[in-house]
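Shared chain: chain A. Partners: chain B in the first complex, chain C in the second.
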Partner chain A sequence: MTSANVSPGTTRAGGAAGGRRGRPGGPGAAGGAPTARARRPRRRLRLPPRLLPYLLLAPAVVAELVVHVVPIAVGVWMSFRDLTLFYIRDWAKAPGKGLGNYRIAVDFDAAIGKDLLGSFLVTVGVTVLAVGLSWLLGTAAAILMQERFRGRGLLRAAFLVPYALPVYAAVMTWGFLFQRDTGMVDHVLVDQLHLTGGDRPFWLIGGNSFWALLTVIVWRSWPFAFLVLMAGLQNVPRDLYEASALDGAGVWRQIRHITLPALRPVNQVLVLVLFLWTFNDFNTPFVLFGKAAPDGGDLVSLHIYQTSFITWNFGAGSAMSVLLLLFLLLVTAVYLIATSRRRTARA
Partner chain B sequence: MPETAAPAAGRRRAPTDPPASFRWTRRIVLTFLAVFTLVPVYAMISSSLKPLKDVQGAFHWLPSEPTLRPYVDMWSTVPLARYFANSVIVAVGATAASVVIAIGAAYAVSRYRFAGRRVFTVTVLSTQMFPGILFLLPLFLIFVNVGNATGIALYGSRGALILTYLTFSLPFSIWMLAGYFESIPRELDEAARVDGCGPVGALLRVIVPASLPGIVAVTVYAFMTAWGEVLFASVMTNDQTRTLSIGLQGYSTQHEVYWNQVMAASLVVSVPVVAGFLLLQRFLVTGLTAGAVK
Partner chain C sequence: MRHPTSPASGHNATSHSATSHSATSSGEPPATAPAPGARRRARRRPRRTATALTAGIAGGILLAAAACGGGTGSGGNGSPKTLTYWASNQGTDIAADQRVLGPELAKFEKQSGIKVKLEVVPWTDLLNRILAATTSGQGPDVLNIGNTWSASLQATGGLLPFDAKTIAQVGGAQRFVPAALASAGAKGKDPAAVPLYSLAYGLYYNKKMFADAKLDPPKTWQEMVDDGHRLTKGNVHGIAVEGASIPENVHAAFNIGQMYGADFFTPDGKPQFATPQAVAAIKSYVGLLGTDKIAAPGNAEYSANQSLNDFATGKAAMLMWQATTSGFTNLGMKPGAWGVVPIPAPSPTPPGGRDVTSMVAGINIAVFKNTDNRDGALKFVKFMTSDDEQKILNKAYGSLPSVTAAQNDPAFDTADLKVFKDILAAHAAPLPQVPSESQFETAVGTAMKELFADAAAGRPLTDDRIKSKLEAAQQQMAK
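What follows is the complex of A and B.
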């Protein structure tokens, strides 16, 4: 907690009193003379020339321009070019193609468009399930571990391990566990629990790959939800619980009426971030399946990557990437509008 | 919403335990999660101690005869030491650059009102949502063609990888540090200014020391991001500059998969980041809380 009146001796007398802003959501205006500081004009640091903030920002701006903004612009340009293998080393010569690349990408009767659509649908399925499950597990763990109990610190550390592991190390381990003949998953399901009636299912090829991929993604992403929600819970004022306990509310009622509503702003961001990460996930399927992903695990980023680097048709790959971006922008915009409207409607 | 009544001093909540239904739910759910989380980690550790014949046959929970051989052999099956050195160079370089740049940018965003401030924050944060594959193809082409035109070898160089990785952690770092800096009272800056510091002096002598936990948190985050990146490493590196994320897959392109060595190597490359993360996760939680205050 930062207290607003630190080191009163060194500041100019009467010059600066009170932080620029109180702590939002804090328990009311905590003491202090509130009227005087509310209208104080925003203090500007006089000494530096106006250029200083721009100077401080310049490195960040340059880096973002070089790695993000310019490549996006170039990517859009590429999507209108016939940028095939012959032009990779001399891209300026690539002839224009109009909307040709987009037409190929969305022609669902031909092989390329059909595969893209299939990959898109698999991605939607994995994303919806993974975001839902990660959120559910993260919320459950964060709420159940809100109160102190013996071993809580240790358990919290254990839960965060999957998130802290480098992606490739974690996913390669799962790749080992999902091996048909030497893996742990089939050993438990077939040899120890006898659930499959003697069949040894494949996990990394065929339809089961969808479930294998989902498992790995949830394993890796629920700890992130847990971490963020734990941080969110620290902002819930304790006296709300105390007051409701005095009113006779049990722990389940408190969860429903205090904890979950208080987490709503955190959830709004969390669900969006989980959605974007899962939808754009390349690392997990790439490490789990190698260069040739089965249909069930062919997430759209990996699909575009393979299409681009196997055929060396960067024009078509860029068109697909742009379509992906447009889709994500649309979903994000709709999501933000819908969730903010619901929030303002409630207020 | 219940009224936030300030309870009188004597009527504080009695230290009653939560009801049995809650305790049982807690036990069951947390046990399930612990098993789900830790079984793969256990399998990773136990398999790294197995002789090769164990991982070639049916799975067993315990090694038939525990051995440290995989930890010795893994260095010669693939050039692991070189990958390791590359990863360290790239991750340390990207982390240092990212944190320094983020501190400057966050200071500008939190302490100054200037034209373009909002455009900057929105643009930077929104790059976070863009799919990596969207930058990958153009960036690859840019590096190849700039290299062709100027003779500067960007494609395949560690420098290009550092530049790329530092932008991945930058948006989150700026956002979080700006939130952190906001929570530091401005009187502290002003006191430093009275004592004769310039704005940069105030940043270095007052703000940075006061927000050390936040800085530690973004350092951990930036390092983890760079250490674990796969997509760009798979395209932007060559034999000499290959990092661990791609190098480790070398164990399985041989005609045999040395799973015990894969597990041993995975463990060795994971221990530093996991240990660092677990030690410093408290700062990350405080940092997230401070950032969320914004």
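What follows is the complex of A and C.
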């Protein structure tokens, strides 16, 4: 029977006859034999024929509900409640607060709203720079690794190490490197290169924390860009390069007119994924800075955790999270519409 | 095995634009003709089924969730033979705790016939685990809590209140050190727990460094600063501080704040962080690094006990820390190489200043309200706070017993512990026992971390700057 599965014609016919119309012996001579066979189990199970696909989908639907939809719904519900420590034991009875939690979060004149806005702007800055740099490094490395040379495999593997390391271990190591008194970064910058005029800068507190965080995030995420783009490049036909070379195109022209357009669909997804990952990054600042990140490294997920969940104000935390979700939805939607419209226009 | 139905009919039901195509390919043009009505019917039926299915599942989940959330049972004695105990991590690691507690739990099982299932929970997880247990109603029977969380956890209603009758079951309130019992819940309410291990802050000093410089341990804040100046040379500093640690910062703010008469909450529990007293206290503490410069600038990013390390390895001559022995010896310091005195207060005493030099630090033991072995749990609390167990456990951990009678054991008469016993008996006060205490710790501790960062970067430490930081911290305490 497996052979019928492989051949699309037979499968379609059988499905059309048995599945859609649900009547034995329908027209369609081609599907006669499979229909007859498909009828028997139906009679045994006594299932309405159109229910079967839904039954088969049901486990996935249940899993999706349990894993995604219900927690999101509960989170949204919590954002309208005054769910503080006084109610967590019996949280179903937390009193309603209407839009109160949202009002606090977007009141940019008060401390909470102002801090949230500041953290949001820092996150936008880190995200834009980190996605840009990761993409640039990933593209450059992928293109350079295209040509065959000795040790290419080794180098490719080495490039992927940051991506393969467990995030906690890697970021803790960065934390040690960035320590002021004993860290290697200051040792190299100050003691060996004498770049700072004898001044030992702090990296884990104060304003420099922005650059420390950016460094770690780019270090962690560019190998992913590299991996995806390298895979994408395998699909670019080599003869295009050969033909263009015959026409006298240089390397830059080839990159601009062959490589990048060919990578467009890959890039569309890659940039979106990198954006979402960086914007939502919690682990990196948490491990690098601890619970209370300095302003320059205060990514919004960590900020929400610190201002609400540590203080057990789950309603306010949920409201901020819902706002974050809406923002990300909006950006994603606009991005997808814009990029796919451009593609249709080109096609 | 009956494959033909499954993939194809799923295909049809979902994408109708594809039907004509598939029909043509299977060579049956009339198939599209009778379709519209049938297809509409076909479409509606599964959708209704699917909706019902979805609704049923969602409803089921919500019901289950609601059942979890409704932690209304007030406990009983359903399973009188077992107890689950969440112990906080008091020793150097979890295995050390299991070695200390294991024989004692066996002793309790022999006495009472109740088997105690022990789980040592690391500090990083403990509060989250307790919150999760409170939310779900599924938790341990007996648990340790940091005593500063008492009022917050009390407000959740997840812990069994020790009213007069309950506390009598564990031996009575008069057995406990009063200051320790005062840090087991909000004033005027039944305690949410009883104290188990007690600790206090003191000023540790390196005896050899002080002797070499011909100095005596400081008795006033100014003496401490002067000594610090004398001892600061090259890579060695007078004192080490844990400038990026939220709890250490807030504990220092409280300890020194008491000397200046600072209250971070009004008597009715409203936050008031930016008082002149609090500004003065924080200025003198952060000033150790910023203005007095007797602490190394790098201390501003310490948050993983590096200051303990600096003191133990002779890079700093003084350290304000909670009672510890193993903390130093593990880092290679020999017992007897350090001495301890109360944290020195400013002299003359500022107006309103109190004769308090330390918070009451320590661990409380509580009973989870949803326990199904209430009597057994209370028996266990009574066992853990009995004189004998208090002596054994506090000896093992280097802390002080929280019951007065056990403190008289000669084991707690070492030079160090005598100092801490005195502090706890007469010069210690509990941190504010208000529900929003954890918020206070986060907000003020973070503000001080930022002030340390500013000071280390060379920015001047003015009253206005401290005041505005504290005001901003207070604004975060929204209702």
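Everything below uses one rule, namely that the second predicted complex is superposed on the first by the 286 of 347 C-alpha atoms of A that agree within 3 Å, B and C clash if a C-alpha of one lies under 4 Å from a C-alpha of the other, contacts with A are read in each partner's own complex, and residues count from 1 in each chain.
Here is the rule we use: a contact is a pair of C-beta atoms (placed from the backbone, for glycine too) under 8 Å apart; a residue touches a chain by one contact, two chains touch by 3 or more.
Please read these numbers as outputs of a predicted model, since none were measured by experiment.
Visitor: For A:V236, is the partner it touches chain B (first), chain C (second), both, or none of the two (neither)?
Guide: After superposing on A, A:V236 lies clear of both chain B and chain C.
Visitor: Would you sort A:F286 into first (chain B), second (chain C), both or neither based on which partner it touches?
Guide: first
Visitor: In the overlay, answer first, second, both or neither for which of chain B and chain C A:V74 touches.
Guide: both
Visitor: What is the contact status of A:V106 with respect to chain B (first) and chain C (second): first, second, both, or neither?
Guide: neither
Visitor: Thinking of the overlay built on chain A, is A:V271 touched by chain B (first), by chain C (second), by both, or by neither?
Guide: Neither: A:V271 stays clear of chain B and chain C.
Visitor: Just chain B (first), just chain C (second), both, or neither: which does A:Q306 touch?
Guide: After superposition on chain A, A:Q306 lies in contact with chain C alone.
Visitor: Can A:P294 be said to touch chain B (first), chain C (second), both, or neither?
Guide: In the superposition, A:P294 touches chain C alone.
Visitor: Touch test for A:F202: chain B only (first), chain C only (second), both, or neither?
Guide: In the superposition, A:F202 touches chain C alone.
Visitor: Who contacts more of chain A, chain B or chain C?
Guide: For chain A, the partner with the higher number of touched residues is B.
Visitor: In the superposed arrangement, which partner chain does A:L117 touch: chain B (first), chain C (second), both, or neither?
Guide: Neither partner.
Visitor: On chain A, what residues does chain B touch that chain C touches as well?
Guide: The answer is residues 2, 4-5, 10-12, 15-16, 19-21, 27-28, 42, 48, 50, 52-54, 56-57, 61, 66, 69-70, 74, 88-91, 179, 181, 290 of chain A.
Visitor: What part of chain B is in contact with chain A in the complex they form?
Guide: Within the complex, chain B contacts chain A at residues 2-7, 11-13, 18-19, 21-22, 25-26, 29-30, 33-34, 36-41, 43-44, 47, 55-60, 100-102, 104-105, 107-109, 111-114, 117, 120, 123-124, 127-139, 141-142, 144-145, 148, 163-164, 166-167, 170, 174, 182-191, 193-195, 198-199, 224, 227-231, 234-235, 244-246, 248-249, 259, 262-263, 266-267, 269-270, 273-274, 277-278, 281, 284-286, 288-289, 292-293.
Visitor: Which residues of chain A touch chain C in their complex?
Guide: Touching chain C: residues 1-2, 4-5, 9-16, 18-22, 27-28, 30-31, 34, 37-38, 41-42, 48-54, 56-58, 61-62, 65-66, 69-70, 74, 85-86, 88-92, 104, 110-112, 115, 179-181, 200, 202, 204-206, 290-292, 294-295, 306-307, 310-312, 316 of chain A.
Visitor: Along chain C, where are the residues that touch chain A in the complex?
Guide: The touching residues are 1-13, 19, 22-23, 25-28, 30-31, 35, 38-39, 42, 45-46, 49-50, 53-54, 57-58, 61-62, 65-66, 69-72, 131, 134-135, 137, 152, 155-158, 244, 246, 296-298, 300-301, 303, 435-436, 438-439, 442, 445-446, 449-450, 452-454, 456-457, 472, 475-476, 478.
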